[in-house]
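Chain lettering (A, B, C and D) follows the sequence in which the chains are written, and residue indices restart at 1 in each chain.
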Amino acid sequence: MKKINIGLIGYGFMGRTHSNAFRQAPVFFKHGHQPVLKAVCGRNAEQAQAFAQNWGYESVETDWRKLIARSDIDLIDIATPNNLHFEMAIEAAKAGKMVMCEKPLAMNAAEAEQMVSAVEKAKVPNMVWYNYRRVPAVTLAKQLIDQGKLGKIFHYRAKFLQDWTINADVPQGGTGTWRLDASVSGSGVTGDLLAHCIDTAMWLNGGIDTVTAATETFVKERKHAVTGKMQEVKIDDASAVLARFTNGSLATFESTRYARGHKALYTFEINGENASIFWDLHDLHRLQYFDYRDASVTRGWRSIHVSDGDQPYMKNWWVPGLQIGYEHTFTHQFADFVAGLDEGKNAAPDFRDGLKTDYVTDAILRSAQSGRWENAKGRA
Amino acid sequence: MKKINIGLIGYGFMGRTHSNAFRQAPVFFKHGHQPVLKAVCGRNAEQAQAFAQNWGYESVETDWRKLIARSDIDLIDIATPNNLHFEMAIEAAKAGKMVMCEKPLAMNAAEAEQMVSAVEKAKVPNMVWYNYRRVPAVTLAKQLIDQGKLGKIFHYRAKFLQDWTINADVPQGGTGTWRLDASVSGSGVTGDLLAHCIDTAMWLNGGIDTVTAATETFVKERKHAVTGKMQEVKIDDASAVLARFTNGSLATFESTRYARGHKALYTFEINGENASIFWDLHDLHRLQYFDYRDASVTRGWRSIHVSDGDQPYMKNWWVPGLQIGYEHTFTHQFADFVAGLDEGKNAAPDFRDGLKTDYVTDAILRSAQSGRWENAKGRA
Amino acid sequence: MKKINIGLIGYGFMGRTHSNAFRQAPVFFKHGHQPVLKAVCGRNAEQAQAFAQNWGYESVETDWRKLIARSDIDLIDIATPNNLHFEMAIEAAKAGKMVMCEKPLAMNAAEAEQMVSAVEKAKVPNMVWYNYRRVPAVTLAKQLIDQGKLGKIFHYRAKFLQDWTINADVPQGGTGTWRLDASVSGSGVTGDLLAHCIDTAMWLNGGIDTVTAATETFVKERKHAVTGKMQEVKIDDASAVLARFTNGSLATFESTRYARGHKALYTFEINGENASIFWDLHDLHRLQYFDYRDASVTRGWRSIHVSDGDQPYMKNWWVPGLQIGYEHTFTHQFADFVAGLDEGKNAAPDFRDGLKTDYVTDAILRSAQSGRWENAKGRA
Amino acid sequence: MKKINIGLIGYGFMGRTHSNAFRQAPVFFKHGHQPVLKAVCGRNAEQAQAFAQNWGYESVETDWRKLIARSDIDLIDIATPNNLHFEMAIEAAKAGKMVMCEKPLAMNAAEAEQMVSAVEKAKVPNMVWYNYRRVPAVTLAKQLIDQGKLGKIFHYRAKFLQDWTINADVPQGGTGTWRLDASVSGSGVTGDLLAHCIDTAMWLNGGIDTVTAATETFVKERKHAVTGKMQEVKIDDASAVLARFTNGSLATFESTRYARGHKALYTFEINGENASIFWDLHDLHRLQYFDYRDASVTRGWRSIHVSDGDQPYMKNWWVPGLQIGYEHTFTHQFADFVAGLDEGKNAAPDFRDGLKTDYVTDAILRSAQSGRWENAKGRA
């Protein structure tokens, strides 16, 4: 059993989900590498210390460059706001560390291209935390598509709807609200929520060629949590997209933080010649499946409770009928990363996959400016 | 095209649903007999006249014996409160009229036995309006069971839940509330709601051998709408039942008017060795179907939108995806009654079927008194 | 009680839904005008005769100009394929008849403008059969919005999905499939399905300023039912749209006949500052409603079973909990038209409303060609 | 921070859920005691060793009496088949250990009474693992009831449906199938599944006075996994119950392992004067709530996604909209047990609560024999 000494940067929401994955994955999934929670790094020493104690990290750093420089660290996991991914990933790769990075990979595709170059040059294992691929129901969707169950695909539609920024008093910048500060997040819902939709979509349905889009910023000014000043909001509050896939299918995508009633409603639907699939994060343990080949009088959408041992990941958990939750997607992704190490290959999505998503989200933001269809397969 | 001259007794809620059926059935279902709305009978001449004018009845009577005596009437349709069914049906049969009767057939099985004798002796076509058999989804359930799709049946469970009598100010007796006056209704929810569950259950799953039951009257006294006095409530407000079918399956039944949030929630579920079925009146156009023979990873409850031309009754209506409603069940039942006339046989359920249901509901009420299992296949 | 002598042109699917409305409306809704089914007109005399006999029309015509010329006809109802609406409506208006026309109003906005001029010049009552406004749940949505329950609107999303043309053997042209022949239908799903979405959307959420769109024709050639030849398909099989409303809200629209598993899934959702609404034609008797002002721990989407007497149109039907269906929307619309006659005003949507929808659908089709945002408030 | 040295007996399914709780609770819930996974005990030393290594237990025992005798053990957690609970719990209490025991508490109420005496005499903290109380949605239901939101309760209905023993080739006895061997399990679904329903019901709705019941054994003989012989099946495959609560409400309960299509469908519904509640284990993160006090036109069942910080337990997990799963119920229960230690009181349900449930399940089994209503508040 080889050890993987992990150095985590960032102790926020994602630092928590990753840490839980590091703890749980080896208990439920057996592979040849054993993670060791070696160090956590954060600017505030006291908070980092508390985090380390809670999650079982052996040590603490407050300077991420020092963490990367440590010879006892094998893997750098980046769980910081988006504007820090670039430098950290480049430095980690240069130091020969494996790199795992929160999504989106970068502030934009230009940064992401350099990050891909860095990890590929360094030949270090790398991964981007698009965790929703590892919801068992979503993985099952992938399997059904790969088995050809759907036939030719006509339509893809996805949306990721939230409602937490409707109140104009929500600030921009600072802890918990840095996603509203474009200088930290790069973009609004396009990079945050829509990027998840795009990652899943390209995994399930192949590349996206072109997009046209509209974005909107409903609340024009918000107080900045750091400066204390009322400042222009530069992120996109909402993003709506039409897209054409390489396989000829037509798509709609939408994300917003102004959809009252939806906390984190990520849904996608795929319509094929023979079958269709629907999934919904609010009921993540179910997959809706319609198969036209069923006898006509009893044909209907099947609500599949994805909790059986022959369904993805589930034999490692409990018994049929007993559902798992959100956090397990990270556990699965880390378990797959470790399995990849055993086999000497990256678990998807790797940095190159993450770059492709950045090409699409950049094209969306460009189109929102130009009012035209934009190429989504590379930089402008 | 032979004419059937209809004489309707009663112009309340059921008088309306039947009248609509008489008008609509010949437009949508083609058979060899043509209904003629010949006369409507009600105590209040003015209201009867208004009803006749609205629905297109040619004439009006205020004495039901006169209606039955009329030589231009072929069929008597009884849509009155329960305490009048007995005498009207007996007289109609004696006069050689076809008889259709609202459910439950009678105040009790003793009455019902005589009604069966009367129509069978007179050899007149007869039918009881247990309309829910003719919801397309319910008829589809029957077809699936008859095709053997479910295999051996283990469980049947049904309930009919309402909430309209929770308010203690709802009176008993009088128009609209006669169902709370036991002297008019015979029983409470057992004869009103549970009788529907029992009729459907025996149609789908065969005879019921024995039952044990509990009933409850939550509001002990209510003002009587006719007498104006506060009087003891003698109906059952709620009824809960365990039953054993002849085929060995075990059942639960429940009905109440105290289930807050349910207006008319009639549901049933049947669990067989190979497949299960669920239906719900609040979404009557859907049938839920689970087939264990589906491939294991994509097995799930299918939500069948029963609106296609190859599904029961639907080719006579609109196009796939467009649902029909409650009133159509009466239209279907009357269309089937007419089809039966063409073929010289009764459409089910006939009076004999209605009697069997009365045996069960009587046994339920007996068990609620005795605290023991009671025979449900005949009179005590 | 004034009589309205109706002359119906077309005895297909829509001829049936309208005829049912003419028969049922006066039974369930009391107004000062009484429809008389005076004549039905169709090219095939035998079929027209059979239709007349079934539905109770007094007479038959095979030449629509003769029908319009008849002095005993007050109202012309156009239920023909789209390419005939223009000439029929213009002539009917010239003859001083009231005009009701199936949707979409015309082949394009250019035609529709002339039709509006004709009815407005003739000052004849006029209406377009966008029937879905009269689903009780949809009318309830309108009431809630008009009461201000939603507050500022951020998002509107609607789709109308079918799957009946996936099979490449479905022909174009001819009875039942004329909607695939662009010379008869004007367009594909944009004018057929999306037009419904646009009509409802502008009713609920106000005018649409600009759109960008993509259309797709998945099956490029189909046999023509009339010519018997394989011919290029010129309609849009699918249509996807981004739109901006005058009130600042952002919208997505989509319609297709290639969404396996959906027979007629028309859904819309509106997200407002304080509340959101969702509706689905496949369960048309329900309205989903989320109100942020509910206490936080018990906040959730409410599934409203729209069947109570205080909900739109329902007091005229049965009792709470018992649903109505698709056909009733036409009955409601005709009842409202008649109510409008009583009051001397058009029931919405009138021809001018229908024209506005044609502006939007034309803009969608233009944008699908140009790849740019197009003005949706008038002609190009 | 005080340490609690845990000795776990049993390394099966429940041994896993408990162990996960011991590991996760201190990370997510902060209390004054820290669990230490001191030892796991099982008959097979190799398997026990593997279990210990995986979950982080410091040591292994193969004789449970030795485990109980160890002075470095503070708490005995019993996760063995039912026939071992009695002796182990008694011995643990005698040794002054805290005791946690899997449900049902005992083979029958006679055993359970002695177990209660033992822990109460020893004054040791004790708890029974009826984990479903700690589903956040279920705890929320409890809070709403305790706040009086429902008003007077009229009805309670619950069922726990599975389908895993329909196949007659499933053996009785042995690992994984000991629940079918009455000498090990005590009873079939009554003690296994219905006991959960009863525990929740009495927690939410108070005591049960009387019951009448029917049980059924559909497969009469099964091969015994240990003896290899075909033997009579002595457990109840299905159990159906009518019950009366002390508060006057009427109830139905049902459990079975022959409900095709249901893996672990535990549902309950409570109908009160003012509001109703429904919950379903297959979608455990949702609570359905109907409040009659909502404005009538927008009244409907609310689907509450129980994942917000102000809902039970959820502020300790992730962010709104992101659901947790089955395993977390054990984590919550252990966290509450530890909180109870801080405060010097038992977390519910304790052994006395577990005994009350055994009184009810015993009465159910008696009634299934006697055919009569049985007292459920004590021993026969």
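For this structure, a couple of remarks:
Definition applied: a contact is a pair of C-beta atoms (placed from the backbone, for glycine too) under 8 Å apart; a residue touches a chain by one contact, two chains touch by 3 or more.
Only a predicted model underlies this, so the values are computations on that prediction, with no experimental measurement involved.
By number of C-beta pairs in contact, B-C leads when A-B and B-C are compared. Farthest from chain C, judged by the mean position of CA atoms in each chain, is D. Inter-chain spacing, taken between the CA centroids of chain B and chain C, is 36 Å. Centre-to-centre separation of chain B and chain D, using mean CA positions: 41 Å. Separating the centre of chain A from that of chain B, both taken as means of CA atoms, is a distance of 55 Å.
Within chain B, contacts with two or more other chains are made by residues 262, 301, 305, 308. Residue ranges on chain B touching chain C, taken from their complex, read 13, 16-17, 20, 23, 27, 54-55, 162, 164, 262-265, 281-286, 305, 307-308, 317-328. Across the complex, chain C meets chain A through its residues 154-155, 157, 159, 161, 163, 166, 212-214, 216, 218, 238, 240-242, 244, 248, 250-252, 254, 256, 258-262, 271-276, 290, 292, 301, 371-373. Across the interface of their complex, chain B is touched by residues 140, 143-144, 149, 287, 289, 291, 294, 296-305, 308, 310-311 of chain A.
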